[in-house]
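The data blocks that follow each hold one structure.
Here chain A shows up in two complexes: once beside chain B, once beside chain C.
Right, the complex of A and B next:
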């Protein structure tokens, strides 16, 4: 029975029209149940009125959107979120470019170690590995002990909780994804072209800029969008390594939903940020990939 | 333009010695082919010449100046890579202008000179093309133009023709010769293809196991190979074992495995009775006639044709005698129509035979 079922299925798949439907059906069903439906619920929720006491008051109103856009507090949270996003992305992508280049150039055991040490942190949950930074960065933590012991600083600095810890934690979270995005593109680089550039008079930094960076640009674009989207929406790093001053909009939405039980405002805030991120991500992607070949003209 | 001198050059990778004490002089404006089988160290030698590898020991001089410790971007050499290595994110014109840009030549001037260079390699009109859209032959021309644009003292070519099909390769060999004559630059061309080396070279240096076996004009190397390795590498030939039975005033007499004794005009070379030799019977030096034809007194053997191989424009015949095989070739148009089973007489002029001692060195210096 199974033989003929598969044969029938195979025949259907070979006919292009029906086949594509069969192949995409499981994924489409998953997306429908776990993304589209909750998303529509969220849209509907954002149009309700808030209620006190209670989670929401059924209605059709844009009141929640007006409340979010009018709030000076929320605007500050969004500005901080974007600042954190830009800082973490710039640091993570710059470091990732050199790390990916080092991994590309390395051979044998060294290459395996470089790639393995990037994959390894992905096997630990986000919360645990972010939390692990606290004893390292705390005022009485390892880093301060070393710096004070070496006489570099007189008294301990509070890296965490604080902005330094938040940025370090966020960079640490997105760094592996940035490295893998860039490495995957860089691995197709023909080393001969770098040698050709040097042979034609380009110094090492110049050959990197002229040949390696343009080749890596699609990977840099992906790394930037992934790091930026994730860092703007940061939750784990600021909540575990930040102080009260490092509150992101994601933390505020969590508070709206789970502490203040203001569902419509939380939903409206989410959707507004989703739209903003979509626009920014597309802009970044276009900016980076559009400049390929135009990095430096003749 | 500059002469090149390599002296005592060595390159080791861990336990592996790629280049083993190599010395070589290339004259100003010469086109030298570095010829050898794969793995003989010829590409490593070229890369050390370009500064892409640092020698373990030994020196490189270009135009009399020591450059051994100079990085590639400070040397005025330029390499055409086997993969051509064009910059995929730059246009053809940007590729060719790249070296001039690195030298700080102004934008207008480098565009102008890059255009001229593209005309030299007959790629005018392709300025704004994406190099990834070009055919192999076109990429090869652009790579050549890019390297020539900086007017290098020495142009290094690392088997740039090996990825082209046969017809295009032969056409490019001729063009490369013409370009060499036009630009008057010293070329060092690495290849494993002896035909390419013979077509191109002013001078051929044959490498084996990280060392130069022989250097000379193509004709000289072919007519007077110094070792069995070169005789085998330069072309198909019949190598037959022999044992010295007698020494004479002019050379030796040896028993050849074909079942006959031959006189070898080796001069007063140091061979003794009982020494083992390898004798090369080059197919083009063999005269073949039907066994019933009148003999002309030359030394000869009689055998039977066992195989006939059609190889396009030529036909190769194998003749068996005393369990050994000799082959000779005729062009397809020849009217001799030998067939399998025919008895033939193969004769030669003893002066055309080349003899090699057991260690591979040539015995005597006679030859053709």
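Right, the complex of A and C next:
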């Protein structure tokens, strides 16, 4: 062993405080005991046999998976959950990009107001965010009064309960998180870069698309992943603002677990759903990075 | 710049401004509905509200059921804040100063619960706690909420620690102080506001969370959002507006108090 190796070792030992092992241990143990192990138990539960009512038979069988995959009802729920996830994510992220940009450009009181309007819904429980829309979107609600009064529609439309209400509710839930993810990235953007593009003759929409949006991409990616994960798993918005046609997989899981006590089916359904979400997320990521590569190649 | 371009810029500006003020209005609308309807008179939730009264507030403060839900929410919120702040701050400190495999694997793992649908975490923990026979509902919900709050604390502290000058700590160590003393006297004063903000965020996350709390509730212990949810299943009562206004109020108060504390500290440092 050379002298430098010893010097390197000595440096390592001096730098690494023995304390860091004790510091990291509680968090690692917590995640192991209350996240990793419960997940393994979930997988094990999905392989048990269902015995009615509300009991399960210890077994090693794929019966629960077969039941979920064979069910046309579950297939419809999954398709609807993904549709809602995609629609809510596209709307929420586009609006969030616009709003985050407005907050980034604003100054003084205007900036404070815009940021306050993002923080305040974060301090509000899901239950409130969804139920407060009901008097607004109901057939005899405020929106219909306004639209009928203005002569835009002849007779009231039932926005909620229904698909429109569900989408509005879900977009409203994820919107603040999407704005914050994009804003946190935008806030580090130097405005001079955009000015430079404009001085070089880029129009304002063009400088936005070609300078601001690429800079904001990491934030847009985070906003997309978070909005999508939460919207596919939507529970509060469809049950408060949807009709029977807007049943999502999360609502079915709740019913399987808390009403029917069918643990194996609930576990198998969740795991299949997570696998599907993973595949779709990876596909979206691939698409996004692919298109970035294309832009850079130009 | 030509006249046409100037006009176009003015139109663009006007559209841009109209766009974000419209969004601002839509975002604030439900919160306005909550506060306005909490003062209404009638039995059923209507907006705009008819008549002004405090009857729903009176009913709220007279209801043993709601008050015990408030107590449960506060106990669980404080528990989740303490647990996740302790885990997040120590974990972040360790990851910052270590390059072991564990320190590299841990951050993505603790982030994962935030990316899973809460229904899935609720069901996973429900099966788990049933299996291992965990007695206390308080503890199970605290743990569930800490799964969400810990990554938030962790990443806030990562950015706080990243700005801390570690030479100060090394100087303290070189002068012979024990690591715990160095942390208390050198590191902590510099990162205190980050810790306070993390704890407040954790408390608010727990106070508002409802799906995991719904899965893990018991007959004796249920949080305010869960009780609000169950009472909404039967009717759209203005009582829920009172409760919601109350929740929003508590959260705003939490933010203001922590901001004030930090400002007083800042003031004290200036004097």
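The definition used in the following text is that the second predicted complex is superposed on the first by the 264 of 298 C-alpha atoms of A that agree within 3 Å, B and C clash if a C-alpha of one lies under 4 Å from a C-alpha of the other, contacts with A are read in each partner's own complex, and residues count from 1 in each chain.
Here is the rule we go by: a residue touches a chain if its C-beta (ideal position, glycine included) is under 8 Å from a C-beta of that chain, and two chains touch if they have at least 3 such contacts.
These numbers come from a predicted model, not from an experiment.
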Exercise for review: Please indicate which partner A:198 is in contact with in the superposed arrangement: first for chain B, second for chain C, both, or neither.
Suggested key: first
Exercise for review: Using the superposition described at the top, determine whether chain B or chain C touches more residues of chain A.
Suggested key: C
Practice item. Check the residue A:35 against both partner chains and state whether it touches chain B (first), chain C (second), both, or neither. Key: second
Check your understanding: Of the two partner chains, chain B (first) and chain C (second), which one does A:211 touch, if any: first, second, both, or neither?
Key -> first
Exercise for review: Using the touch definition from the top, say if A:120 reaches chain B (first), chain C (second), both or neither.
Suggested key: second
Check your understanding: What is the shared patch of chain A, the residues that chain B and chain C both contact?
Key -> none
Review point. Tell me, which parts of chain B touch chain A in their complex?
Key: 50-52, 71-73, 77-79, 81-83, 85-91, 93-94, 97-99, 101-103, 107, 110-111, 114, 146-147, 150
Check your understanding: What does chain C use to touch chain A in their complex?
Key -> 9, 12, 16, 19-20, 23-24, 27-31, 33-34, 37, 45-48, 86-88, 90-91, 93-95, 97-98, 100, 102-103, 106, 109-110, 112-120, 122-128, 131, 143, 146-147, 150, 154, 179, 204, 207-211, 214-215, 224-225, 228-229, 232, 236, 240-241, 244, 247-248, 251-252, 255
Practice item. Please name which positions on chain A make contact with chain B in the complex. Key: 190, 192-193, 195-203, 206-207, 210-211, 214-215, 217, 292-293, 295, 297-298
**Study point:** Residues of chain A touching chain C in the complex
**Key:** 16-17, 19-21, 23-24, 26-28, 30-31, 34-39, 41-42, 45, 95, 98-99, 102, 113-114, 117-129, 131-136, 141-142, 172, 175-176, 204, 225-226, 229-230, 232-233, 235-236, 240, 250, 253-254, 257-258, 263, 266-267, 270, 273-274
